[in-house]
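Shared between the two complexes below is chain A, which pairs with chain B and chain C, respectively.
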Partner chain A sequence: MGKPKQYIEPVKNLILVVLFFTTMLLLYFFWGNPVLNSFKISDLIGDEAVEVPSYQSVTQPGRIVVHLGGGSYTVLEEEDFNAWQKYIELLQGLNPAEVLSVEEITAEQFDKIMEFRSIVYRFYYDLPQEAFLKRYSIKDIHGIDQIGEFSNFGFSSGSPESLFIYDGSKNKYYRIVSAKAHEEMDKLLSLVESSSNANYRRIGDLTGTANRTVIPIFLSTNMSELKCFPEFEDLNTIAVKEFAQTFFGESLDFVRQIHGSKGTHIYMYGYGEKVLTISASGKVEYKNKETSQSSQQSYFEALDTALQFVAAHGGWQTEEGMEMSPYVRFAKAVENNKQKGYRIIFGMRLRPESLYLESSHSVMVEVIHGQVTQYLRDMVYVEEPEYLKQEGTAKREAFSVINMIAHNYTYIASVLSESGYDFSGLEGEALFDAVSDLVVFVKAGYVKPEYAENKENVLFPAWIVNTGSTLIYFDLYSAEPLGHTDLWEE
Partner chain B sequence: MRRIISVLLILSVFLCGTVFAAATADPAVTIVSPSQTVSGNNLLVSVKMTAPKTIKVYVYEEKEKVGDTLVSIDPAAVAEEGFSSKTLYSVSLITPETFEGTGDLQFYNKQIDDITPGLYRIKVEVIDKDNAVTASSTHRTVVMPKDSETATGNEIFQSQQTGALQWVQNLIKSIFKN
Partner chain C sequence: MDWTKAKTILIVALLITNIFLLCLYFSMKTDNGPTEERLQAETIALLEEKQIYIRGNLPDEHQKMPVLIVEYDRLDPEYISQKIDEQKPSDEEYVSREEVLKKTEEFLKDCGLWNKNVVLNKVEQNEDTFIVSYRNEYEGIPIEDSYIICTVRKGAVKEIDRFWLKPVGYGKSKKATLSASAALIDLMRSKNERDAILVEDIKMVYWLDPSDYEGETAVSDTALPAWRITYNEGQIKHVPAYSD
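Now for the complex of A and B:
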């Protein structure tokens, strides 16, 4: 007869658990959204994990230039030959005991050694040395601390036991001399040489100047105009509300919502400590003025913060359209009220061409003292069938790059003058030489010009001319100007 | 010795090139590339035009006759033997290309692949509306084998400090934080 008593306590515990969960559910319905059909189990246990790109996947050289000897060059795409990963593995495998020296060399020596078969990995921003070594688990090499930041990495068959590094912040060149030759890099050069077209030349070889920037001398492509759509076309949708909720929480009770005359939606918390603005064209800007409680972050920590923030606030892909690959296009150190951080501009690749927006960026994140203080998001998407359609079209010859610059050098000079460049007293060939000397790279990509409202959104195939601080766009086939973007415009 | 030969080679080609180019050249049309000597297996032709002009570009390989066959000229032999006394045979490498430049500045560019070592000649004619030649310039270049750069890159760093000295300097720098 004592047996039923055995079950009394477990039954009581079970009842308590059921009552607890019932209480939780009732609280949710009373204090949360009272509509029963809005109940989602994912609201209680969280949505499926957001996808965050890795720091390795977004940290790729802006350009990998291979000199095949005799003044012939080729440019590799990110994934070609796994070239960047091979260089990283080489750095990771450096044995400090076998490194003879880390020494500064002159720019002339660097240029001369690159006259041999060589490869240069160009970043268009600076990677802080200490953070880079730590993040990529590269052993501490005696003397490497004299290099402040890594901007370019290189290898030349002319000095196969050396690795070359350029510090853009100091405009200084270095070489890391090992006891033995890096044969794997020489093998990579041979592989590239045997399977790539040497269709790039220096601007200087084409124009008779000293300009070492390499440009394609010929491009045949089927890149065509592509219809594109803004991420948020209609701001009165649940998707937009849910996006806003990621910044201010489920309940927007304490958030002022203002609908501007031009269709802009503004969400403001407090006295403007946190403001989210979504323009009628779908462009998003979020500013957070709250004082950061975090500590200062290194570049890669700030990058992690940015990657996670974007993943949690809109994600790295659009809901619709073909998948795109994010990458860090530019980055720079910034300071606000004596607090330091980084502003990172992310670009998007449409296999393999990049997407550019006039006067805007797909994603820009400013992280100061571990807190995201500014977030710009201007995502557009392309339907995959629309993109694939162009692959069936006949290839066309793109406008010659050097003639595109020759036709537009006065326009380029006028754009750069707005950014503070002084070309006074220069005209004709002298102006052309001055302008072409500022060209850092020219590549093909897609550009979305900034149109007036109600005009159809189109991505144009274009030549992208980078002059360091400004991107200038020209139609790929007619060389007509399509606009420009000042990289660091506030 | 090789360097001396190279210098002589460059000088001889330069002089000849100038003589040819001085004939009836148009000052608004300049052959920018190739230079007097190039190495590799392709040839870049770049012509700069500083006025609206129409040009016709020819590229030849200069060959010599050995027996009944035309053979490429050995680049090393050009300097030693010269070619002013030899009879050269111009073999066309491309179909002559006409390029119309409409602006005040433009360039004609062409890369010719699969080039073998030898002597090459680029001729640029300026033509008018009636296709009559109004000016002409010629430029010769010697294409050297790709692996002719025998000097090792480490010669570039010879003036550089020795590894041990650099190591000491790095050590001092790291102690005193630069």
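Now for the complex of A and C:
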């Protein structure tokens, strides 16, 4: 009679465990959607965490230009000297009580003060003032609200107690005058001066025009052609199906699927409210026409939404290939049916050179009223050994930038004419001056042309010429045109 | 602490909770609100208030349905021209309707266009010309906007107009569809207040709208269940049948 008793406790334990899980399961059916076949363990334990880049890591100046004095310049890379972070810390440390004034200055005054040893952080888009101050925890300074948007930030040793800001939307310059000098910035300038070459000059100084854009006067590099691969080469793979599932849920059984004659796959939900198109070349476009129920978001909230969305739909890295660093290349406010939002173009860096795609972008996200209404993804990847291979090759001299512009100014003018620029009546030197005046930056990078005979999936080393709304590409060594991208083309 | 007693109390408490939750769950499942018939009667009354009248009875059934995967089956115009030219016209002056249908079927079989999904829709006669229309049905459910129209003269097919969606198979899962009365509510919402509507027919079909998609030529597509509502002398409205 003693034997059965010894089993009672283990049986009780077992019953307890079973009853506990049964209770959990029943409660799940009540709290969740009470459909038996929708039950999945992953719903309870959650999906694998996705990697989302921080807003700080993607919000970096497009260019950090340091004037070393006497018309000699250098350009810093994002991570050099931690220069941007130092400026942010300076803004965060500003004590409103010690700020004497925030005042508007003229463009001439700004240019004059920058003739001294100075540093300018250039963004090629506008950061809304209120959202920027809030996101970076910068204290409210009396008078700063007169600045609508931040496009450039600056410091000059000619006025060490001032910080300079350019509002690109209003084309106005401001300075924030403090009671004491910002010695940290002066130290940064000295540090840059002691360890960098003065290898940049203004276009204006070389051409005799007023253009203040700085260009490299000499570049010796081992950048060479790189074989690249589209993210989705074969659309009939599980990876593509799983990618589509991130938009429409686990089951694609009730999503309209269309296959085009050229290999395009289209996934359509409802009456085309949500459409995902993946072309045979691997380019992805997602459009969502559903009315947003959310409220309007500030720039940084929209940026967070975009970062999260991309992380959840394809991720910020390709499955294969070397790691790339995303950054905001351009951003602009947009409006659709009286709802406001932002269109953000993300670029990808292949340490440290950027990657450019003719007539496309690695990632573009449009966020309106907190909802992603458009998402473009055209990711290519490079195998790391392929990238590292070029480091062992001999350095070559890149084509001189100013000569590249001189060789191609008529081509640049013809490209810009398509975007609405009027160069009628201009030719020769006048046309060259007009074209070179529009150049906002020139930098080296890798370009994937839309069509390249016998070199379909190749990244070409190139000079990237930015004229504000258009990026024009030229071969780094021969200055031959490689195509162009209209930034805001629909 | 007396663990044995504590366990017993816990087991009893959890058992009571589970029995309570199960009873609640099944009572919710069985209490589905008004019956289908009552709902239909109420809907018809509401529709009549809004000047929407229904001829005949509404379909009772609306089962769970899968999507239908289809391929665009396009004709080679040269091949069809050749086949048309190869026909021998009848010597007889008068060709009966039956003979026309027989000839058309033979022609379609000869072209490899005949299969069990080809269903005769209507035959129209204009003097010596017959227009024979076929629709596409897959396992008894019409596939919308998919047709073959043959123009027959003197016992020979003279012209063929065909837009054909070839069913490849059903999707893996099934999903609940709206009732016919719910589809009519959708019609009511889109209706102009003043106009009266007489619903002549309502039928479950597979439907896709090719105009939703622009770009390269589509090779395959997905047709979704929809209610086809025919009203006011042949006007047609499609209401998607999936409930969300």
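By our rule, the second predicted complex is superposed on the first by the 440 of 490 C-alpha atoms of A that agree within 3 Å, B and C clash if a C-alpha of one lies under 4 Å from a C-alpha of the other, contacts with A are read in each partner's own complex, and residues count from 1 in each chain.
Definition applied: contacts are C-beta pairs under 8 Å (C-beta built on N, C-alpha and C of every residue); 3 or more make two chains touch, one makes a residue touch a chain.
A quick note: this is a predicted structure, and the numbers were derived from the prediction, not measured.
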{"item": "Chain B versus chain C as contact partner of A:Asn13, first or second or both or neither", "value": "second"}
{"item": "Per-residue contact with chain A, leading partner among chain C and chain B", "value": "B"}
{"item": "First (chain B), second (chain C), both or neither touched by A:Ile266", "value": "second"}
{"item": "Partner chain(s) touched by A:Asn82 [first = chain B, second = chain C, both, neither]", "value": "neither"}
{"item": "Touched partner set for A:Asn95, first chain B, second chain C, both or neither", "value": "neither"}
{"item": "Which of chain B and chain C A:Ile105 touches, first, second, both or neither", "value": "first"}
{"item": "Touched partner set for A:Gln257, first chain B, second chain C, both or neither", "value": "second"}
{"item": "Partner chain in contact with A:Ala406 - chain B first, chain C second, else both or neither", "value": "first"}
{"item": "Touched partner set for A:Thr22, first chain B, second chain C, both or neither", "value": "second"}
{"item": "Chain A - residues contacting chain C, complex", "value": "9, 12-13, 15-16, 19-20, 22-23, 26-27, 29-30, 34, 251, 253-262, 264, 266, 268, 270-272, 277"}
{"item": "Residue numbers on chain B that touch chain A, as the complex places them", "value": "30, 32-33, 38-42, 44, 46, 48, 50, 103-107, 109, 111, 113, 146, 149, 152-154, 156-157, 160-161, 163, 166-167, 170-171, 173-174, 178"}
{"item": "Residue numbers on chain A that touch chain B, as the complex places them", "value": "68-72, 100-103, 105, 109, 112-113, 115-116, 142-143, 145-146, 156-159, 175, 177, 198-199, 201, 205-208, 217-218, 400, 402-403, 406-407, 409, 428-429, 432"}
{"item": "Complex contact set, residues of chain C against chain A", "value": "4, 7-8, 10-11, 14-15, 17-18, 21-22, 24-25, 28, 66-67, 69, 171-173, 175, 208-209, 212-213, 215-222, 224, 240, 242"}
